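Next, two complexes with chain A in common: one pairs it with chain B, the other with chain C.
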Partner chain A sequence: MDILYNIFIDPFVQMGNAPDFLLQVLWSGFVGGTLYSLIALGFVLIFKASGVFNFAQGIMVVFAALTLVGLYNLGLPAWLALIATIGVMALLAIGVERVVLRKLVNQPDIILFMATIGLTYFLIGLGESIFGGEPKKMITEELGLPSGSTSFEPFGGLVIIEHLDVAAVVMAIVLVTGLAIFFNKTRIGRALRAVADDHQAALSVGISLNQIWAIVWFAAGIVALATGIMWGAKSDVSFALQIVALKALPVLIIGGFTSIPGAIIGGLIIGFGEKLFEIYWGSLLGSGVEGWFAYVIALIFLLFRPQGLFGEKIIERI
Partner chain B sequence: MNMAVAPTGTAASKPAAQEVLLDVKNVSLSFGGVQAIKDVSFNINKGEIRAIIGPNGAGKTSMLNVINGFYHPQVGEITFKGETRSAMRPYVAASQGIARTFQNVALFRGMSTLDNIMSGRTLKMHKNFFWQMLRFGPALDEEIEHRHKVEEIIDFLEIQHIRRTPVGRLPYGLQKRVELARALAMEPELLLLDEPMAGMNLEEKEDMSRFILDVNDQFGTTIALIEHDMGVVMDLSTRVVVLDHGEKIADGTPEEVSANQDVIDAYLGVAH
Partner chain C sequence: MFYREVGQFKTSYKADQSIFPILQDRIGIAVILFVAFAIIPAFGSDFFLSSIMIPFLIFALATIGLNILTGYTGQLSLGTGAFMGVGAYACYKLTTFFPDVNIIIMVLLSGFFSAAVGMIFGLPSLRIKGFYLAVTTLAAQFFLEWCFIRISWLYNYNNSGAIEVPRREGFGDIVLAGAAATPATRYLVVLSIVVLMTWIASNIIRGRIGRSWMMIRDMDIAAELMGVRPLYAKLSAFAVSSFYCGVAGAMMVFFWLGAAEVESFDINHSFLYLFMAIIGGLGSLVGSFMGAAFIWILPIIIRALPETFGIDINAATVEHINFMLIGGMIIFFLIVEPHGLARLWQIAKEKLRTWPFPYT
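Take a look at the complex of A and B:
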């Protein structure tokens, strides 16, 4: 009976007893969720345009952040470093298209996937040889990101909201809405889904694969940069960040690999779920729940709804 | 206007003063050691239905791939609308007015019929994507205009009822029709059809034949067609070119070609 009590009653009693603490947990879950969404977004972009999971997205996040910090440390003003980094991501997109993707037109998805793994190791090596392996501090104030915090006192308790988190949420919302509209409502968006489905057919209706791929990788690079700034501000900028990026995998399984709204909802589900579960139920399982919670949820989704919440239906005629 | 180089084949009864839309001259294509096409020349006149026939592996599909830029021939040149080129990218071919369908249906399976056909309008949309995002002003007018055009094609091919269905879910015959619709949405001058009737029953074949004739008739589209059903080829085409083992063995009207001894040998086999 104790166990049942601990699972079904005690956590809710705790929530009721300290509503201010619950609010704090929910807020941090929300912030975590939006950051997951940001990462997942980068994966969705590439997946929509080529039907492959871009293994290199995580390292692109690190690479973008390192470039930004590195350029700033060279003495460039922050705004110039930011613009230059965007330029570098554009060059990277064009380079990837020229050197890697152009040769792989009309090849099976798995080949493209393997190519992204190769790209990952290339970028790790390149990043380390240019910027070195030691963690760096992200420039936040220099970029005009707010610091400090505001505290509220609801229900006689205390809730602290950091301004940086608010900035992260705002940035995520802006990026996500912009990209969602871009890819759903424009000619390029339609072309992109076409490219993901069938290279040959896309070419035959006059879609330039090269152009589409460069655009998408550039968009993914921008998202990587935004993600790198926000994650880098919360921890340091190091190669370990790319592990965090893999959290996007469960987010994508929940939201659907092809859906931008799905990436957001999936991120939020993971963000909220992870935090709430860790705080209120974690002690039953000896804590450390945050590490695996997302993956368990993803497994459950794979069992019952493999295309995710918003993914394109999987259609197979036999 | 670009006059025909006298065709090298067996054809003799062609009217001389036709405008040539596409001229294939001495094209050879090989993959490593395999010669897919050996020194083939033929032309397609404006407004005609030109069939390309031949046994399996004769190089018919390779020929279409050369024409719309998927393959780049090692030797030879192709003149389309008076412009000569040896290598070109498929999307350039598309922008010049060459559309095609594929032997093994190449549709965007996850997208609806409507979206598939709309993708054929890609090259016709010019408005800034920024306006498209906002669904505002000129971009909205443009979208509406393209929808009108697409609806016309949908009516023409009688596929109104599957407008919103993801094409992956459609039966084969209808998928072929959607593919044709997507090609038509490009308003091509030259339409390449790679076995448009493969795997169809008699009724579907009759429908498809009717559509092909109507397209040719009403839109004035020039058509190059690969087909194995000889009855269909004889009924539809103005002229026929026959390939075998990558070489051209005959070229002429359906009657001439079907009487040609080389063609009969190629199809029925010959004792050596």
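Take a look at the complex of A and C:
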């Protein structure tokens, strides 16, 4: 009985007793969720346009952030470093398309997936040998990101909201809106969706696959840069981010592999769920449940709704 | 010229189905076994035995386990490291409860625990495949890692959180595990287990079960229509694969590392085994050995190279070059030869057969 009480009643009593703390937890879950969504967004972009499950998205985030910080430390002004980093991401996109994707057209998905794992290792080695392995500070102020915090006092308690988190959320909203417009309203966006639907049909109406892939990887690179800046501002820029980025996988399972809104909602579900579970139920299991909670949720989703919340129902069933 | 089966006639089905139908192969494998069992332990230095050969053999066994699942059954797994961990911790608990039983038996028994865990996490494979399955194996990886840290019963409430191998004797007074065991003994134990299990694996794969795995891999719907039950085929693949991984994990701790924490079974190691399987060749036992040798021994050579040429590079740079090389090799192999080193070896054998007259 005691266990049942601890699971089903006690956490809610705690929530009711300290609503301000609950709000704080929800807010941090929300911010965490937006960051997961941003990473997942990079995955979805590439998956939609090329059917490649890009394992390297996580390291691209780290790589972009490191390049930005590295260039700034070389003495470039922040805005120039930002532009130069975007240039580097473009080069990376073209390089990946030329060296890896073009050679692997028409291979099974799983081969392409493993190629991106290889790419991940390559980028880890490259990034570490250029920038060194130690964690770096993100250049938050130089980029004009706000710092400081505002406190609210709802229910007679205290909730602190960091301005940086607000900036992260705003940035995510801007990116998602921008990408939605890009996908739905522009010529290239239409071409991207055509490629996603059917490679051969797209080729036969004169869409250049190679060009599209480079563009998509570039877009994913920009998303990676945004994610890297925001995540780097919250914690330091280090290669540990790459493991965090793996959480995008359960986010995608929940949201569906091909859906941009799905990536957002999935990220938020994981963000909220993880924080709430860790704080209110985590003590029952010993702490550190954050590490696997997302994956277990994804497992449950896989058993009951394999296409995710918003995914297309073309999932291969057995 | 020398490598040719001309004139080797088979007069019975038994001879036709032997593992090495060609005489030269049999000679070759006999030579390799002789070198492995007699020459290397007799003349190899302690460093060579305990830092190169033992890990190489253990990794090869883990890669065989992964290959059974990914190469032969086509189910991508990113949780190899965790399944090895299950074997290691199970073996540790077993030998704590029954200190007098021979440690080799315990190592083999621990595989069953890992097989059971593997089957549980293999259940989703009945409904999903591909990336989706990769996520469930990732769930296994992170959940089990968490268990290894949080459930202190697993490491006997040790303050360090690590499992330390106790001294274990067997076959009379020979020290098999623990700090007092000589590298040669540990090497011979590992080698015997690996050879035995490789032989068993090759027979499972040639047999009914293995063929049903490959049918599932090649086309699951066709396989089902032809009477292969996906439930049995997939779960048995998960079980056998995890069994191999578990034994490899137990051996890794008991005959190589001596003490282990969660870091020895983390996600990076899981990737490493996947790389070994890819570079060696998915769906090949020989490839598992080649891949393990490649990934394990290549970095050692790279580390040694600057010294031999008298170039002064710091160790970190070498590590980074290592990473880049491994990543580059993965991409290279996937593009040029998706079947890995094993396929190159097969091509070389074909060439040898017809050499020097390739068109006759």
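Odds and ends about this structure:
In this section, the second predicted complex is superposed on the first by the 303 of 318 C-alpha atoms of A that agree within 3 Å, B and C clash if a C-alpha of one lies under 4 Å from a C-alpha of the other, contacts with A are read in each partner's own complex, and residues count from 1 in each chain.
Basically, a residue touches a chain if its C-beta (ideal position, glycine included) is under 8 Å from a C-beta of that chain, and two chains touch if they have at least 3 such contacts.
Remember, predicted model here, so these are calculated numbers, not experimental data.
In the superposed model, A:187 lies in contact with chain B only, and not with chain C. Once the two complexes are overlaid on the shared chain, A:245 sits clear of chain B and of chain C alike. When the two complexes are overlaid on their common chain A, residue A:208 makes contact with chain B while staying clear of chain C. When both complexes are overlaid on chain A, the residue A:216 reaches neither chain B nor chain C. Of the two partner chains placed around the shared chain by superposition, chain C is the only one that A:119 touches, whereas chain B remains out of contact. In the superposition on chain A, contact is made by A:298 with chain C only, not with chain B. Ranked by how many residues of chain A each touches, chain B and chain C are led by C. According to the touch criterion, the shared surface of chain A, contacted by chain B in one complex and chain C in the other, consists of residues 315-317. Across the complex, chain A meets chain C through its residues 53, 99-100, 103-104, 107, 109-111, 113-115, 117-126, 128-129, 132-133, 243, 246, 249-250, 253, 257, 285-286, 288-289, 291-292, 295-296, 298-299, 302-303, 306, 315-318.
Of all residues in chain A, only 181-182, 185-188, 190-191, 193-194, 196-198, 200-209, 258, 312-313, 315-317 touch chain B in the complex they form. The touching residues of chain C, counted against chain A in their complex, run 74, 76, 124, 126-132, 134-136, 138-139, 142-143, 145-146, 149-150, 220-221, 230, 267, 271, 274-275, 278, 316-317, 319-331, 334-335, 338.
Listing the residues of chain B that touch chain A in their complex gives 68, 70, 89-91, 94-95, 99-100, 102, 106-111, 115, 118-120, 122-123, 125, 129, 132-135, 166, 168-169, 182-183, 185-186.
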